[in-house]
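Look at the two complexes coming up: chain A is in both, with chain B in one and chain C in the other.
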Partner chain A sequence: MSGETGIYILMAVVSLISTLAVYMAVVEKDLVKAVIYSALQSGLYTILYFLLLAPDIGLVYIPVAVGLIPGVLLILISKTERWEKE
Partner chain B sequence: MEIINTYLLSVVLASLLANFVISLYAIFFKPHYIKKIIALTIFSDTANTFAIFIGYRRWINQNPSKVPVLTDLNPRAVEEFAKLAVDPLPQALVLTAIVIGLAVILFLVFLGWILYSHYKTLDMREIRRLRG
Partner chain C sequence: MKTVEVVVLIILILALALLITVGFEHIMPSTAVRPPAEFYLYATYNPYKLREYTVMSPEAVTAIVWDFRGLDTLFETSVFYLALIAGLALTRRLLSERAEKPGHGLSLIVKTVTRITAPMIIVVGASIALHGHLTPGGGFQGGSVIAVLPMVIIVVFSVSFLIMRGFTTSKMIIMRSLGLFGIGLTAIALFLVSLIQGTHAYVFQNMIKPDAQTSMPIYIAGALISGTLWFFNLFEMFAVAAGFSIAFIVLMLARTLQVEER
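And then the complex of A and B:
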(Lines of atoms letter the chains of each structure in order from A and count residues from 1; the text may use other names and numbers.)
(Lines give C-alpha, C1' and ligand atoms only; values in the text may rest on other atoms or scores of the structure.)
Protein backbone atom coordinates (compact mmCIF):
# COMPACT_ATOMS: atom_id res chain seq x y z
CA MET A 1 0.00 0.00 0.00
CA SER A 2 2.85 2.38 0.75
CA GLY A 3 4.32 1.72 -2.71
CA GLU A 4 1.08 3.05 -4.15
CA THR A 5 1.42 6.21 -2.04
CA GLY A 6 4.98 6.63 -3.33
CA ILE A 7 3.71 6.50 -6.90
CA TYR A 8 1.08 9.14 -6.09
CA ILE A 9 3.70 11.38 -4.43
CA LEU A 10 5.84 11.11 -7.57
CA MET A 11 2.82 11.97 -9.75
CA ALA A 12 2.01 15.04 -7.63
CA VAL A 13 5.63 16.29 -7.71
CA VAL A 14 5.92 15.77 -11.48
CA SER A 15 2.68 17.63 -12.21
CA LEU A 16 3.60 20.54 -9.92
CA ILE A 17 6.97 20.92 -11.69
CA SER A 18 5.14 20.80 -15.03
CA THR A 19 2.91 23.69 -13.91
CA LEU A 20 6.07 25.65 -13.07
CA ALA A 21 7.51 24.85 -16.52
CA VAL A 22 4.30 25.98 -18.23
CA TYR A 23 4.36 29.27 -16.32
CA MET A 24 8.01 29.86 -17.24
CA ALA A 25 7.27 29.06 -20.90
CA VAL A 26 4.44 31.59 -20.94
CA VAL A 27 6.24 34.50 -19.25
CA GLU A 28 9.61 34.01 -21.02
CA LYS A 29 10.48 36.68 -23.62
CA ASP A 30 13.21 34.65 -25.36
CA LEU A 31 11.30 32.22 -27.59
CA VAL A 32 14.13 29.65 -27.70
CA LYS A 33 13.99 29.38 -23.91
CA ALA A 34 10.18 29.16 -24.09
CA VAL A 35 10.44 26.23 -26.51
CA ILE A 36 12.93 24.51 -24.18
CA TYR A 37 10.59 24.99 -21.20
CA SER A 38 7.76 23.51 -23.28
CA ALA A 39 9.94 20.48 -24.07
CA LEU A 40 10.64 20.13 -20.33
CA GLN A 41 6.89 20.14 -19.69
CA SER A 42 6.47 17.42 -22.34
CA GLY A 43 9.12 15.24 -20.69
CA LEU A 44 7.38 15.59 -17.34
CA TYR A 45 4.05 14.65 -18.94
CA THR A 46 5.74 11.53 -20.33
CA ILE A 47 6.71 10.49 -16.79
CA LEU A 48 3.09 11.17 -15.77
CA TYR A 49 1.82 8.90 -18.58
CA PHE A 50 4.13 6.10 -17.46
CA LEU A 51 2.89 6.46 -13.89
CA LEU A 52 -0.75 6.51 -15.06
CA LEU A 53 -0.12 3.08 -16.66
CA ALA A 54 -0.16 4.23 -20.29
CA PRO A 55 3.37 3.33 -21.48
CA ASP A 56 2.34 3.11 -25.15
CA ILE A 57 1.30 6.77 -25.06
CA GLY A 58 4.68 7.59 -23.54
CA LEU A 59 6.52 5.81 -26.33
CA VAL A 60 4.64 7.81 -28.99
CA TYR A 61 4.69 11.07 -27.06
CA ILE A 62 8.47 11.32 -26.45
CA PRO A 63 9.59 11.60 -30.13
CA VAL A 64 6.64 13.84 -31.08
CA ALA A 65 6.59 16.31 -28.19
CA VAL A 66 10.24 16.38 -27.12
CA GLY A 67 11.81 15.87 -30.56
CA LEU A 68 9.68 16.91 -33.52
CA ILE A 69 7.60 19.87 -32.32
CA PRO A 70 10.48 21.77 -30.59
CA GLY A 71 12.69 21.03 -33.62
CA VAL A 72 10.16 22.47 -36.05
CA LEU A 73 9.52 25.47 -33.79
CA LEU A 74 13.27 26.13 -33.53
CA ILE A 75 13.52 26.04 -37.34
CA LEU A 76 10.64 28.56 -37.52
CA ILE A 77 12.38 30.80 -34.95
CA SER A 78 15.64 30.67 -36.91
CA LYS A 79 13.77 31.70 -40.11
CA THR A 80 11.85 34.50 -38.39
CA GLU A 81 12.51 36.41 -35.16
CA ARG A 82 13.72 35.32 -31.75
CA TRP A 83 12.55 37.94 -29.25
CA GLU A 84 9.02 38.73 -28.23
CA LYS A 85 8.50 42.49 -27.99
CA GLU A 86 6.68 43.97 -25.03
CA MET B 1 -3.65 6.37 4.06
CA GLU B 2 -6.63 6.46 1.71
CA ILE B 3 -7.20 10.18 2.30
CA ILE B 4 -3.52 10.91 1.57
CA ASN B 5 -3.79 9.08 -1.77
CA THR B 6 -6.94 11.02 -2.68
CA TYR B 7 -5.26 14.29 -1.69
CA LEU B 8 -2.21 13.53 -3.87
CA LEU B 9 -4.40 12.72 -6.89
CA SER B 10 -6.30 15.97 -6.27
CA VAL B 11 -2.97 17.81 -6.40
CA VAL B 12 -2.33 16.24 -9.82
CA LEU B 13 -5.80 17.30 -11.00
CA ALA B 14 -5.37 20.86 -9.67
CA SER B 15 -2.02 21.35 -11.39
CA LEU B 16 -3.45 20.04 -14.66
CA LEU B 17 -6.29 22.58 -14.32
CA ALA B 18 -3.70 25.29 -13.66
CA ASN B 19 -1.90 24.27 -16.86
CA PHE B 20 -5.21 24.56 -18.72
CA VAL B 21 -5.84 28.07 -17.41
CA ILE B 22 -2.29 29.32 -18.06
CA SER B 23 -2.17 27.97 -21.61
CA LEU B 24 -5.62 29.38 -22.46
CA TYR B 25 -4.49 32.78 -21.17
CA ALA B 26 -1.39 32.55 -23.37
CA ILE B 27 -3.42 31.56 -26.45
CA PHE B 28 -5.77 34.52 -26.10
CA PHE B 29 -3.62 37.32 -24.65
CA LYS B 30 0.01 36.80 -25.71
CA PRO B 31 0.68 38.83 -28.85
CA HIS B 32 3.41 36.75 -30.49
CA TYR B 33 2.45 34.01 -32.98
CA ILE B 34 5.09 31.43 -31.92
CA LYS B 35 4.11 31.89 -28.27
CA LYS B 36 0.52 31.13 -29.27
CA ILE B 37 1.66 27.91 -31.00
CA ILE B 38 3.63 26.83 -27.90
CA ALA B 39 0.57 27.48 -25.71
CA LEU B 40 -1.60 25.48 -28.13
CA THR B 41 0.70 22.44 -27.84
CA ILE B 42 0.58 22.71 -24.03
CA PHE B 43 -3.22 22.99 -24.15
CA SER B 44 -3.69 19.90 -26.32
CA ASP B 45 -1.23 17.88 -24.21
CA THR B 46 -3.11 18.81 -21.06
CA ALA B 47 -6.42 17.75 -22.62
CA ASN B 48 -4.86 14.39 -23.56
CA THR B 49 -3.54 13.97 -20.02
CA PHE B 50 -7.05 14.57 -18.67
CA ALA B 51 -8.35 11.72 -20.87
CA ILE B 52 -5.61 9.38 -19.60
CA PHE B 53 -6.37 10.47 -16.03
CA ILE B 54 -10.05 9.55 -16.42
CA GLY B 55 -9.03 6.18 -17.85
CA TYR B 56 -6.96 5.42 -14.74
CA ARG B 57 -10.27 4.32 -13.10
CA ARG B 58 -9.10 4.64 -9.52
CA TRP B 59 -12.36 6.43 -8.64
CA ILE B 60 -14.32 3.35 -9.71
CA ASN B 61 -12.54 0.24 -8.53
CA GLN B 62 -10.52 1.66 -5.57
CA ASN B 63 -7.74 -0.82 -6.31
CA PRO B 64 -4.23 -0.43 -7.67
CA SER B 65 -4.79 -0.75 -11.41
CA LYS B 66 -2.85 -2.81 -13.93
CA VAL B 67 -1.40 -2.07 -17.37
CA PRO B 68 -3.99 -3.01 -20.06
CA VAL B 69 -2.02 -5.91 -21.52
CA LEU B 70 -3.76 -9.30 -21.49
CA THR B 71 -1.32 -12.22 -21.28
CA ASP B 72 -3.62 -15.08 -20.20
CA LEU B 73 -6.70 -16.08 -22.25
CA ASN B 74 -8.44 -18.25 -19.66
CA PRO B 75 -11.99 -16.79 -18.95
CA ARG B 76 -11.46 -16.33 -15.22
CA ALA B 77 -8.25 -14.38 -15.90
CA VAL B 78 -10.12 -12.22 -18.41
CA GLU B 79 -12.77 -11.42 -15.80
CA GLU B 80 -10.10 -10.46 -13.26
CA PHE B 81 -8.38 -8.35 -15.92
CA ALA B 82 -11.59 -6.44 -16.74
CA LYS B 83 -11.98 -5.59 -13.05
CA LEU B 84 -8.46 -4.38 -12.45
CA ALA B 85 -6.92 -3.02 -15.67
CA VAL B 86 -7.01 0.66 -16.64
CA ASP B 87 -9.36 1.65 -19.46
CA PRO B 88 -7.57 1.21 -22.84
CA LEU B 89 -10.09 3.24 -24.88
CA PRO B 90 -8.82 6.75 -23.87
CA GLN B 91 -5.29 5.55 -24.59
CA ALA B 92 -6.25 4.61 -28.16
CA LEU B 93 -8.02 7.95 -28.66
CA VAL B 94 -5.08 9.91 -27.25
CA LEU B 95 -2.66 8.05 -29.52
CA THR B 96 -4.68 9.30 -32.52
CA ALA B 97 -5.02 12.80 -31.06
CA ILE B 98 -1.24 13.18 -30.61
CA VAL B 99 -0.57 12.41 -34.29
CA ILE B 100 -3.37 14.71 -35.52
CA GLY B 101 -2.04 17.44 -33.21
CA LEU B 102 1.41 17.06 -34.76
CA ALA B 103 -0.09 17.59 -38.24
CA VAL B 104 -2.00 20.70 -37.09
CA ILE B 105 1.13 22.18 -35.47
CA LEU B 106 3.16 21.61 -38.66
CA PHE B 107 0.45 23.40 -40.68
CA LEU B 108 0.48 26.34 -38.24
CA VAL B 109 4.29 26.53 -38.40
CA PHE B 110 4.28 26.85 -42.20
CA LEU B 111 1.44 29.39 -41.97
CA GLY B 112 3.66 31.42 -39.63
CA TRP B 113 6.53 31.27 -42.10
CA ILE B 114 4.29 32.64 -44.90
CA LEU B 115 2.94 35.28 -42.49
CA TYR B 116 6.49 36.42 -41.76
CA SER B 117 7.44 36.57 -45.44
CA HIS B 118 4.39 38.80 -46.10
CA TYR B 119 4.49 41.16 -43.10
CA LYS B 120 8.13 40.90 -41.84
CA THR B 121 6.87 40.46 -38.30
CA LEU B 122 5.04 37.85 -36.24
CA ASP B 123 3.62 40.24 -33.64
CA MET B 124 -0.16 40.04 -33.93
CA ARG B 125 -0.69 43.69 -32.93
CA GLU B 126 1.61 44.83 -35.75
CA ILE B 127 -0.10 42.53 -38.25
CA ARG B 128 -3.51 43.88 -37.23
CA ARG B 129 -2.22 47.43 -37.76
CA LEU B 130 -0.60 46.64 -41.14
CA ARG B 131 -3.55 44.77 -42.63
CA GLY B 132 -5.34 46.41 -45.58
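And then the complex of A and C:
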Protein backbone atom coordinates (compact mmCIF):
# COMPACT_ATOMS: atom_id res chain seq x y z
CA MET A 1 0.00 0.00 0.00
CA SER A 2 1.53 3.27 -1.06
CA GLY A 3 1.52 6.38 1.10
CA GLU A 4 -0.99 8.10 -1.14
CA THR A 5 -3.54 5.31 -0.68
CA GLY A 6 -3.05 5.54 3.06
CA ILE A 7 -3.79 9.26 3.00
CA TYR A 8 -6.94 8.65 0.95
CA ILE A 9 -8.12 5.97 3.40
CA LEU A 10 -7.41 8.34 6.32
CA MET A 11 -9.42 11.05 4.56
CA ALA A 12 -12.31 8.63 4.02
CA VAL A 13 -12.34 7.59 7.69
CA VAL A 14 -12.11 11.21 8.88
CA SER A 15 -14.98 12.27 6.61
CA LEU A 16 -17.09 9.36 7.82
CA ILE A 17 -16.52 10.21 11.50
CA SER A 18 -17.17 13.91 10.86
CA THR A 19 -20.51 13.10 9.20
CA LEU A 20 -21.44 10.99 12.22
CA ALA A 21 -20.46 13.89 14.49
CA VAL A 22 -22.78 16.18 12.52
CA TYR A 23 -25.59 13.64 12.91
CA MET A 24 -24.99 13.37 16.66
CA ALA A 25 -24.93 17.17 16.98
CA VAL A 26 -28.28 17.40 15.21
CA VAL A 27 -30.13 14.71 17.20
CA GLU A 28 -28.57 15.51 20.61
CA LYS A 29 -31.01 17.10 23.07
CA ASP A 30 -28.33 18.32 25.47
CA LEU A 31 -27.07 21.45 23.72
CA VAL A 32 -23.69 21.47 25.51
CA LYS A 33 -22.99 18.00 24.14
CA ALA A 34 -24.20 19.14 20.71
CA VAL A 35 -21.65 21.98 20.78
CA ILE A 36 -18.91 19.50 21.65
CA TYR A 37 -19.94 17.21 18.75
CA SER A 38 -19.87 20.23 16.47
CA ALA A 39 -16.35 21.11 17.67
CA LEU A 40 -15.31 17.49 17.02
CA GLN A 41 -16.62 17.77 13.48
CA SER A 42 -14.66 21.00 13.00
CA GLY A 43 -11.48 19.41 14.31
CA LEU A 44 -11.88 16.53 11.83
CA TYR A 45 -12.51 19.04 9.04
CA THR A 46 -9.21 20.70 9.94
CA ILE A 47 -7.44 17.39 9.28
CA LEU A 48 -9.22 17.21 5.91
CA TYR A 49 -8.19 20.76 5.02
CA PHE A 50 -4.59 19.95 5.92
CA LEU A 51 -4.58 16.74 3.86
CA LEU A 52 -6.21 18.52 0.91
CA LEU A 53 -3.28 21.02 0.95
CA ALA A 54 -5.18 24.03 2.33
CA PRO A 55 -3.22 24.74 5.55
CA ASP A 56 -4.24 28.42 5.47
CA ILE A 57 -7.89 27.50 5.94
CA GLY A 58 -6.91 24.88 8.50
CA LEU A 59 -5.10 27.47 10.60
CA VAL A 60 -8.13 29.75 10.69
CA TYR A 61 -10.51 26.83 11.19
CA ILE A 62 -8.89 25.55 14.41
CA PRO A 63 -9.24 28.70 16.56
CA VAL A 64 -12.55 29.85 15.09
CA ALA A 65 -14.44 26.57 14.88
CA VAL A 66 -12.96 24.76 17.89
CA GLY A 67 -12.31 27.74 20.18
CA LEU A 68 -14.35 30.84 19.42
CA ILE A 69 -17.68 29.58 18.05
CA PRO A 70 -18.17 26.91 20.78
CA GLY A 71 -17.26 29.65 23.28
CA VAL A 72 -19.93 32.00 21.94
CA LEU A 73 -22.46 29.15 21.77
CA LEU A 74 -21.71 28.07 25.35
CA ILE A 75 -22.18 31.66 26.58
CA LEU A 76 -25.47 31.69 24.69
CA ILE A 77 -26.55 28.37 26.24
CA SER A 78 -25.65 29.59 29.74
CA LYS A 79 -27.89 32.62 29.13
CA THR A 80 -30.83 30.58 27.83
CA GLU A 81 -31.60 26.88 28.32
CA ARG A 82 -29.45 23.81 28.22
CA TRP A 83 -32.04 21.26 27.08
CA GLU A 84 -33.73 21.29 23.73
CA LYS A 85 -37.49 20.83 24.03
CA GLU A 86 -39.62 18.66 21.75
CA MET B 1 -32.52 2.82 18.17
CA LYS B 2 -29.72 5.32 17.78
CA THR B 3 -27.31 2.53 16.80
CA VAL B 4 -29.58 1.52 13.92
CA GLU B 5 -29.73 5.11 12.71
CA VAL B 6 -25.94 5.43 12.85
CA VAL B 7 -25.45 2.15 10.94
CA VAL B 8 -27.95 3.25 8.29
CA LEU B 9 -26.13 6.57 7.98
CA ILE B 10 -22.74 4.85 7.57
CA ILE B 11 -24.12 2.53 4.87
CA LEU B 12 -25.66 5.53 3.10
CA ILE B 13 -22.35 7.45 3.13
CA LEU B 14 -20.39 4.41 1.90
CA ALA B 15 -22.92 3.76 -0.87
CA LEU B 16 -22.66 7.40 -1.97
CA ALA B 17 -18.85 7.13 -1.91
CA LEU B 18 -19.05 3.98 -4.07
CA LEU B 19 -21.33 5.80 -6.50
CA ILE B 20 -18.88 8.69 -6.80
CA THR B 21 -15.98 6.25 -7.23
CA VAL B 22 -17.81 4.44 -10.05
CA GLY B 23 -18.75 7.70 -11.74
CA PHE B 24 -15.27 9.14 -11.12
CA GLU B 25 -14.45 10.22 -14.66
CA HIS B 26 -17.77 12.04 -15.13
CA ILE B 27 -17.71 13.96 -11.84
CA MET B 28 -14.11 14.85 -11.08
CA PRO B 29 -12.87 18.18 -12.45
CA SER B 30 -9.60 18.41 -14.30
CA THR B 31 -6.46 18.17 -12.18
CA ALA B 32 -4.55 20.57 -14.42
CA VAL B 33 -3.62 23.98 -12.96
CA ARG B 34 -5.89 26.65 -14.40
CA PRO B 35 -4.37 29.67 -16.21
CA PRO B 36 -4.95 32.31 -13.45
CA ALA B 37 -3.49 29.97 -10.81
CA GLU B 38 -0.56 29.30 -13.10
CA PHE B 39 0.12 33.04 -13.39
CA TYR B 40 -0.16 33.60 -9.62
CA LEU B 41 2.17 30.71 -8.84
CA TYR B 42 4.65 31.95 -11.44
CA ALA B 43 4.51 35.58 -10.28
CA THR B 44 4.31 35.30 -6.49
CA TYR B 45 8.08 35.23 -5.96
CA ASN B 46 9.84 36.03 -9.19
CA PRO B 47 12.30 38.92 -8.88
CA TYR B 48 14.23 37.86 -11.99
CA LYS B 49 11.77 37.59 -14.87
CA LEU B 50 8.62 39.28 -13.60
CA ARG B 51 9.98 42.10 -11.46
CA GLU B 52 7.05 44.35 -12.38
CA TYR B 53 4.31 41.90 -11.38
CA THR B 54 5.81 39.90 -8.51
CA VAL B 55 4.83 40.29 -4.85
CA MET B 56 8.17 38.95 -3.54
CA SER B 57 6.37 36.55 -1.20
CA PRO B 58 6.96 32.77 -1.33
CA GLU B 59 3.44 32.22 0.10
CA ALA B 60 1.07 32.36 -2.85
CA VAL B 61 -2.11 32.42 -0.75
CA THR B 62 -1.12 35.50 1.25
CA ALA B 63 0.13 37.14 -1.94
CA ILE B 64 -3.27 36.63 -3.56
CA VAL B 65 -5.20 37.62 -0.42
CA TRP B 66 -3.35 40.87 0.30
CA ASP B 67 -1.90 41.91 -3.06
CA PHE B 68 -3.34 40.38 -6.22
CA ARG B 69 -6.87 40.45 -4.75
CA GLY B 70 -6.20 42.97 -1.98
CA LEU B 71 -9.40 44.99 -2.33
CA ASP B 72 -11.51 41.85 -1.81
CA THR B 73 -9.81 41.26 1.52
CA LEU B 74 -10.21 44.91 2.50
CA PHE B 75 -13.96 44.67 1.99
CA GLU B 76 -14.12 41.32 3.82
CA THR B 77 -12.38 43.02 6.74
CA SER B 78 -14.90 45.86 6.66
CA VAL B 79 -17.79 43.37 6.71
CA PHE B 80 -16.34 41.74 9.82
CA TYR B 81 -16.00 45.07 11.62
CA LEU B 82 -19.42 46.29 10.55
CA ALA B 83 -20.89 43.16 12.16
CA LEU B 84 -18.90 43.93 15.29
CA ILE B 85 -20.11 47.54 15.35
CA ALA B 86 -23.68 46.29 15.01
CA GLY B 87 -23.12 44.02 18.03
CA LEU B 88 -21.67 46.88 20.05
CA ALA B 89 -24.58 49.15 19.12
CA LEU B 90 -27.08 46.50 20.25
CA THR B 91 -25.50 46.08 23.69
CA ARG B 92 -24.61 49.74 24.16
CA ARG B 93 -26.92 50.43 27.07
CA LEU B 94 -26.08 47.16 28.77
CA LEU B 95 -22.42 48.03 29.18
CA SER B 96 -21.13 49.25 32.50
CA GLU B 97 -17.64 48.29 33.46
CA ARG B 98 -17.56 48.79 37.19
CA ALA B 99 -14.70 46.92 38.81
CA GLU B 100 -16.64 44.17 40.50
CA LYS B 101 -15.19 41.58 42.76
CA PRO B 102 -13.87 38.81 40.51
CA GLY B 103 -15.64 35.48 40.65
CA HIS B 104 -13.96 32.40 42.02
CA GLY B 105 -13.21 30.88 38.64
CA LEU B 106 -11.90 27.35 38.28
CA SER B 107 -9.42 25.53 40.52
CA LEU B 108 -5.85 26.63 41.28
CA ILE B 109 -4.41 23.94 38.97
CA VAL B 110 -6.37 25.19 35.97
CA LYS B 111 -5.46 28.80 36.77
CA THR B 112 -1.74 28.02 36.98
CA VAL B 113 -1.81 26.06 33.73
CA THR B 114 -3.62 28.99 32.08
CA ARG B 115 -0.98 31.42 33.34
CA ILE B 116 1.72 29.22 31.77
CA THR B 117 -0.06 28.66 28.44
CA ALA B 118 -1.17 32.30 28.02
CA PRO B 119 2.20 33.56 26.70
CA MET B 120 2.45 30.48 24.46
CA ILE B 121 -0.91 31.26 22.81
CA ILE B 122 0.24 34.82 22.11
CA VAL B 123 3.58 33.62 20.71
CA VAL B 124 1.93 31.06 18.42
CA GLY B 125 -0.59 33.65 17.18
CA ALA B 126 2.08 36.29 16.61
CA SER B 127 4.32 33.87 14.73
CA ILE B 128 1.44 32.73 12.51
CA ALA B 129 0.61 36.36 11.72
CA LEU B 130 4.12 37.78 11.33
CA HIS B 131 5.32 34.85 9.21
CA GLY B 132 2.17 35.02 7.11
CA HIS B 133 4.13 36.04 4.02
CA LEU B 134 6.53 33.09 4.38
CA THR B 135 4.48 30.15 5.71
CA PRO B 136 0.76 29.32 5.67
CA GLY B 137 -1.10 31.75 7.89
CA GLY B 138 -1.72 35.44 8.03
CA GLY B 139 -3.26 38.25 10.00
CA PHE B 140 -6.73 36.77 10.46
CA GLN B 141 -5.38 33.37 11.47
CA GLY B 142 -2.91 34.79 13.98
CA GLY B 143 -5.45 37.24 15.36
CA SER B 144 -8.08 34.58 15.94
CA VAL B 145 -5.51 32.35 17.68
CA ILE B 146 -4.67 35.25 20.02
CA ALA B 147 -8.40 35.92 20.55
CA VAL B 148 -8.73 32.45 22.10
CA LEU B 149 -6.76 33.75 25.11
CA PRO B 150 -9.35 36.28 26.40
CA MET B 151 -12.00 33.59 26.09
CA VAL B 152 -9.91 31.11 28.08
CA ILE B 153 -9.27 33.79 30.72
CA ILE B 154 -12.99 34.60 30.93
CA VAL B 155 -13.80 30.91 31.42
CA VAL B 156 -10.96 30.08 33.84
CA PHE B 157 -10.85 33.31 35.88
CA SER B 158 -13.80 35.66 35.25
CA VAL B 159 -14.71 38.61 33.11
CA SER B 160 -14.08 41.02 36.02
CA PHE B 161 -10.52 39.67 36.25
CA LEU B 162 -9.96 40.61 32.61
CA ILE B 163 -11.44 44.08 33.09
CA MET B 164 -9.48 44.75 36.29
CA ARG B 165 -6.28 43.93 34.41
CA GLY B 166 -7.08 46.78 32.02
CA PHE B 167 -8.66 44.88 29.13
CA THR B 168 -11.76 47.06 29.02
CA THR B 169 -13.96 47.28 25.94
CA SER B 170 -12.95 50.91 25.35
CA LYS B 171 -9.25 49.96 25.25
CA MET B 172 -10.05 47.04 22.94
CA ILE B 173 -12.01 49.38 20.65
CA ILE B 174 -9.00 51.73 20.57
CA MET B 175 -6.71 48.80 19.68
CA ARG B 176 -9.10 47.61 16.99
CA SER B 177 -9.37 51.12 15.54
CA LEU B 178 -5.58 51.49 15.51
CA GLY B 179 -5.37 48.19 13.63
CA LEU B 180 -7.95 49.34 11.07
CA PHE B 181 -6.19 52.71 10.77
CA GLY B 182 -2.92 50.88 10.12
CA ILE B 183 -4.53 48.77 7.39
CA GLY B 184 -5.91 51.90 5.73
CA LEU B 185 -2.61 53.74 6.05
CA THR B 186 -0.66 50.81 4.57
CA ALA B 187 -3.07 50.73 1.64
CA ILE B 188 -2.42 54.37 0.73
CA ALA B 189 1.21 54.65 1.99
CA LEU B 190 2.84 54.43 -1.44
CA PHE B 191 0.27 56.79 -2.90
CA LEU B 192 1.06 59.41 -0.23
CA VAL B 193 4.83 58.98 -0.68
CA SER B 194 4.59 59.42 -4.42
CA LEU B 195 2.29 62.41 -3.94
CA ILE B 196 5.03 64.10 -1.89
CA GLN B 197 7.72 63.08 -4.38
CA GLY B 198 5.60 64.20 -7.31
CA THR B 199 5.67 60.79 -9.00
CA HIS B 200 2.91 58.35 -9.91
CA ALA B 201 1.62 55.43 -7.81
CA TYR B 202 -1.56 53.45 -7.21
CA VAL B 203 -3.65 52.93 -4.10
CA PHE B 204 -3.02 49.41 -2.75
CA GLN B 205 0.26 49.19 -4.65
CA ASN B 206 2.96 46.97 -3.22
CA MET B 207 5.90 46.39 -5.58
CA ILE B 208 6.87 48.41 -8.63
CA LYS B 209 4.47 48.36 -11.56
CA PRO B 210 5.30 49.11 -15.23
CA ASP B 211 4.12 52.75 -14.92
CA ALA B 212 4.70 53.31 -11.19
CA GLN B 213 8.25 52.87 -10.04
CA THR B 214 7.90 53.47 -6.29
CA SER B 215 8.01 50.32 -4.17
CA MET B 216 7.50 49.24 -0.57
CA PRO B 217 10.64 47.95 1.17
CA ILE B 218 11.21 44.29 0.31
CA TYR B 219 13.71 43.63 3.09
CA ILE B 220 14.05 45.20 6.53
CA ALA B 221 17.42 44.49 8.19
CA GLY B 222 17.96 41.58 5.80
CA ALA B 223 14.62 39.91 6.59
CA LEU B 224 12.11 39.44 3.79
CA ILE B 225 8.89 41.33 4.59
CA SER B 226 7.35 41.45 1.08
CA GLY B 227 6.37 45.10 1.24
CA THR B 228 2.80 45.68 2.37
CA LEU B 229 2.05 42.04 3.24
CA TRP B 230 3.88 42.12 6.58
CA PHE B 231 2.22 45.38 7.63
CA PHE B 232 -1.22 44.19 6.59
CA ASN B 233 -0.75 40.96 8.56
CA LEU B 234 0.49 42.85 11.64
CA PHE B 235 -2.40 45.33 11.73
CA GLU B 236 -4.99 42.70 10.85
CA MET B 237 -3.73 40.58 13.75
CA PHE B 238 -4.29 43.44 16.24
CA ALA B 239 -7.67 44.32 14.76
CA VAL B 240 -9.01 40.74 14.70
CA ALA B 241 -7.71 39.84 18.18
CA ALA B 242 -9.21 43.01 19.67
CA GLY B 243 -12.45 42.57 17.71
CA PHE B 244 -13.12 39.04 18.97
CA SER B 245 -12.16 40.07 22.53
CA ILE B 246 -14.72 42.90 22.41
CA ALA B 247 -17.38 40.41 21.35
CA PHE B 248 -16.67 38.09 24.30
CA ILE B 249 -16.40 40.81 26.92
CA VAL B 250 -19.62 42.46 25.71
CA LEU B 251 -21.49 39.13 25.71
CA MET B 252 -20.36 38.32 29.25
CA LEU B 253 -21.06 41.81 30.62
CA ALA B 254 -24.53 41.90 29.10
CA ARG B 255 -25.28 38.69 30.96
CA THR B 256 -24.10 40.07 34.31
CA LEU B 257 -26.33 43.13 34.02
CA GLN B 258 -29.33 41.07 32.98
CA VAL B 259 -28.99 38.98 36.11
CA GLU B 260 -28.74 42.14 38.24
CA GLU B 261 -31.90 43.60 36.80
CA ARG B 262 -34.07 40.69 37.86
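Everything below uses one rule, namely that the second predicted complex is superposed on the first by the 85 of 86 C-alpha atoms of A that agree within 3 Å, B and C clash if a C-alpha of one lies under 4 Å from a C-alpha of the other, contacts with A are read in each partner's own complex, and residues count from 1 in each chain.
What we mean here is this: a residue touches a chain if its C-beta (ideal position, glycine included) is under 8 Å from a C-beta of that chain, and two chains touch if they have at least 3 such contacts.
These numbers were taken from a predicted model, which means no experiment stands behind them.
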{"item": "Chain B versus chain C as contact partner of A:Ile69, first or second or both or neither", "value": "first"}
{"item": "Which of chain B and chain C A:Glu81 touches, first, second, both or neither", "value": "first"}
{"item": "Which of chain B and chain C A:Ser38 touches, first, second, both or neither", "value": "first"}
{"item": "First, second, both or neither for A:Asp56, with chain B first and chain C second", "value": "both"}
{"item": "Chain A: partner with more touched residues, chain B or chain C", "value": "B"}
{"item": "First (chain B), second (chain C), both or neither touched by A:Tyr23", "value": "both"}
{"item": "Contacts of A:Ala12 with chain B and chain C, given as first, second, both or neither", "value": "both"}
{"item": "Doubly contacted residues of chain A, that is, touched by chain B and again by chain C", "value": "12, 15-16, 19, 23, 55-56, 60, 64, 68, 72, 75-76, 79"}
{"item": "Contact footprint of chain A on chain C as seen in their complex", "value": "2, 5-6, 9-10, 13-14, 17, 61-62, 128, 136-138, 140-141, 144-145, 147-148, 151, 155, 244, 247-248, 251-252, 255, 258"}
{"item": "Complex contacts: residues of chain B adjacent to chain A", "value": "1, 4-5, 8-9, 11-12, 15-16, 18-19, 22-23, 25-26, 30-32, 34-35, 37-39, 41-42, 45, 48-49, 52-53, 55-56, 64-68, 86, 91, 94-95, 98-99, 102, 105-106, 109, 112-113, 116, 121-123"}
{"item": "Residues on chain A engaged by chain C in the complex (per definition of touch)", "value": "12, 15-16, 19-20, 23, 27, 55-56, 58-60, 62-64, 67-68, 71-72, 75-76, 78-79"}
{"item": "Complex contact set, residues of chain A against chain B", "value": "1-2, 4-5, 8-9, 11-12, 15-16, 18-19, 22-23, 25-26, 31, 34-35, 38, 41-42, 45, 48-49, 52-57, 60-61, 64-65, 68-69, 72-73, 75-77, 79-81, 84-85"}
